[in-house]
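Letters A, B and C mark the chains as written, and numbering starts fresh at 1 in each.
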Amino acid sequence: MIDPSAIERMIEALLFAAAEPLSDVDLAARLPLDADVAAGLDALRRRYEGRGVELVEVARRWRFQTATDLAFLMTVEREESRRLSRAAQETLAIIAYHQPVTRADIEAVRGVQASRGTLDVLLEQGLVRMRGRRRSPGRPVTYGTTDAFLEHFGLASLADLPGAAEMKAAGLLSLDLPADFQVPDPTLARADEDPLDDVPAPEFHQDFLAGGEEP
Amino acid sequence: MIDPSAIERMIEALLFAAAEPLSDVDLAARLPLDADVAAGLDALRRRYEGRGVELVEVARRWRFQTATDLAFLMTVEREESRRLSRAAQETLAIIAYHQPVTRADIEAVRGVQASRGTLDVLLEQGLVRMRGRRRSPGRPVTYGTTDAFLEHFGLASLADLPGAAEMKAAGLLSLDLPADFQVPDPTLARADEDPLDDVPAPEFHQDFLAGGEEP
Amino acid sequence: MAGALSEARVIEFEFEDAVAAADEADALIVDLDGYEGPLHVLLELARSQKVDLIRISVTRLADQYLAFVRAARRRRFILAADYLVMAAWLAYLKSRLLLPKPQRASEDEPPAEEVAQRLAFRLAKLEAVRRAVGALNSRPILKRDVFARGDPEALSIISHRRLEGDLYGLMNAYIAQRKRAQPRDYRPLTCQALRLDDARDRLRAMLPRLTRWTPLTGVAPAQRESGPTRASCVASTLAATLELVREGDLDARQLDHFQEVYLRARPGPPTKATA
């Protein structure tokens, strides 16, 4: 068994040197075979707690980042150019909290037609991706967020979206359903979406017939 | 007087986020006026001594770098880049939408001679396969996409490949395209194709080897 | 919709409400640019009721919104059509909410209370989205609040991340090439109109010859192989005619609609008007 502190050092070095967040698997692939990655990460996280640099989990990967309260020092490194328009921000929020959503869903929530320069900006910036197609007439494309979205907002996973639980409890995450209707969990695929990775299960046709969401 | 440990934290964050090593003067310029930079650097250096990352002075500038004894972790086996080159991406896009296509078809759309490398890379990565032969003089080999392609792009089937409507929605179809611009539907197979299986295997290899870039 | 609006005029809302609503509407119009559509304006108005959005008074909201539309009109601010459609719909909804219930429930219309409830719920959802935007923006955002290693040592230590379905990239690559393949023979449109200046100069030069009533179609230059169309020649010459009439160098008359226009130089020395 290797000394746990040696593993911790190695993880520290790898995460410091890496150009982007690394997953447990990425780390394990570079560490000795019997290394306890989780324990090393945990020790490291505690060691850096309260320091100028901290270890955080984003998009199920790990990265070091500067402490939030020191943002004021980073005048040189700050990037202001990526500011999204208000329409784009709202669209992004709808996609994040309601995903998978179609363009029509987004328009229904916002009450305005999606203008050019909202969805495509999000796609171009890689914050949003096409996820699949809704099993409804026309098989519209559905949209969801990317890992880059999670990294941008420092979220470990979609389950960590701020305020999602309260919104869900209030029925506000439903797409045009009454408040007491069961609401989807963004981390789970909707029942009426073709998962992109899977071949449709044999129940597909049943699902399609049963899973109508239009009132 | 500011708490020395606060200054240490700030230096830590600054050096971590900086794109290049920083001198004492650089640091002082970004720290509170009465900060003792030398003391902070010294405390930081001692704190990181023996860790996976160390604070080192290079040419009168300071930077973090991974411990020299861990250099072996950093020599990464050259990982095959998973990103496709632009030429490969473009060739793949044409094959996806226009399949089955011959090499000459691809060149006709791209307006440049397909370099031998691009198609080979796609074949090697298993994103593209030889599908059959066009019933035309020379019986050129036709290409199409594979199941790995679908998997790679998260598509359940070729029918899910975004069409003109989605391209328009994504803001990709600009107004300078002619009104009759069409994106072919790859699910409609052309009738003028023979299955590749008909061709005796030995000839196939010969053809493949001989099959130059000439249309 | 017009019927719905006139119905709305019948119903008066309370005076204080009206005054408050008008002030609020004025304030809203000032920064209307910040609003994207009627729903966003409604949400802003609904917030001022300072109750849970699910419990807002939709009749009061309708009054607030109609005051907003009136204020826009007073300031001659052109509202997009969807704002007016919303106004008509709200006026109609309000009338249905206030009028005595019909004996028999209408079959093709859900009860007004239910429609109102649905509107309130839509606003609550939009409000939730707004809050979500705020919540996301208060996260430690990369390159705004937190910063990753500025000078990574090993660019090759990259995650084995599965390439996310980058369909956008694929589509982009496809379109980029198809665009290139489109014939690029851009031909600037040659000016197909007779320039007004030219028509005026030409007409002025012809003045000495226009001693008697001459039809406009005879004065306007004939169409040539290339150059301005006949219609443009006639139109520009007519415009030039009107200018010369105004300047007092020319008389023009037309006996009836769609009849020929006749021109004649006004007797006396030309005024030599300069443009």
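The rule we apply is simple: a residue touches a chain if its C-beta (ideal position, glycine included) is under 8 Å from a C-beta of that chain, and two chains touch if they have at least 3 such contacts.
Just so we're clear, the structure is a prediction, and the values are computed from it rather than from any experiment.
In this assembly, the chain whose C-alpha centre lies farthest from subunit A is C.
Of all chains shown, the one whose average CA position lies nearest the global CA mean is A.
Distance between chain centres (mean CA atoms), subunit A to subunit C: 37 Å. Taking each chain's centre as the average of its CA atoms, subunit B and subunit C sit 42 Å apart.
Subunit A and subunit B, compared by their mean Cα positions, are separated by 21 Å.
Residue positions 14, 16-17, 30, 64, 66-67, 74, 77, 123, 130-131, 196 of subunit A each touch two or more of the other chains.
Under the contact definition stated at the top, the residues of subunit C that touch 2 or more other chains are 147-150, 153-154, 157-158, 164-168.
The touching residues of subunit C, when paired with subunit B in their complex, are 147-151, 153-154, 156-158, 163-182.
Of all residues in subunit C, only 34, 36-40, 54, 82, 121-122, 124-126, 128-133, 135-150, 152-155, 157-161, 164-168 touch subunit A in the complex they form.
For subunit A in complex with subunit B, the touching residues are 8-14, 16-17, 30, 51-53, 64, 66-67, 70, 73-77, 103, 116-117, 119-120, 123, 130-133, 139, 141, 194-200. Interface of subunit B with subunit A (complex): residues 8-14, 16-19, 30-31, 51-53, 64, 66-67, 70, 73-74, 76, 151, 154-156, 160, 162, 166, 169-172.
Taken together, the subunit A residues at the contact with subunit C in this complex read 14, 16-23, 25-26, 29-30, 56, 61, 63-68, 71, 74, 77-80, 82, 86-87, 89-90, 92-94, 96-97, 109-112, 123-124, 129-131, 146-147, 151-155, 161-163, 167, 170, 172-173, 178-179, 196.
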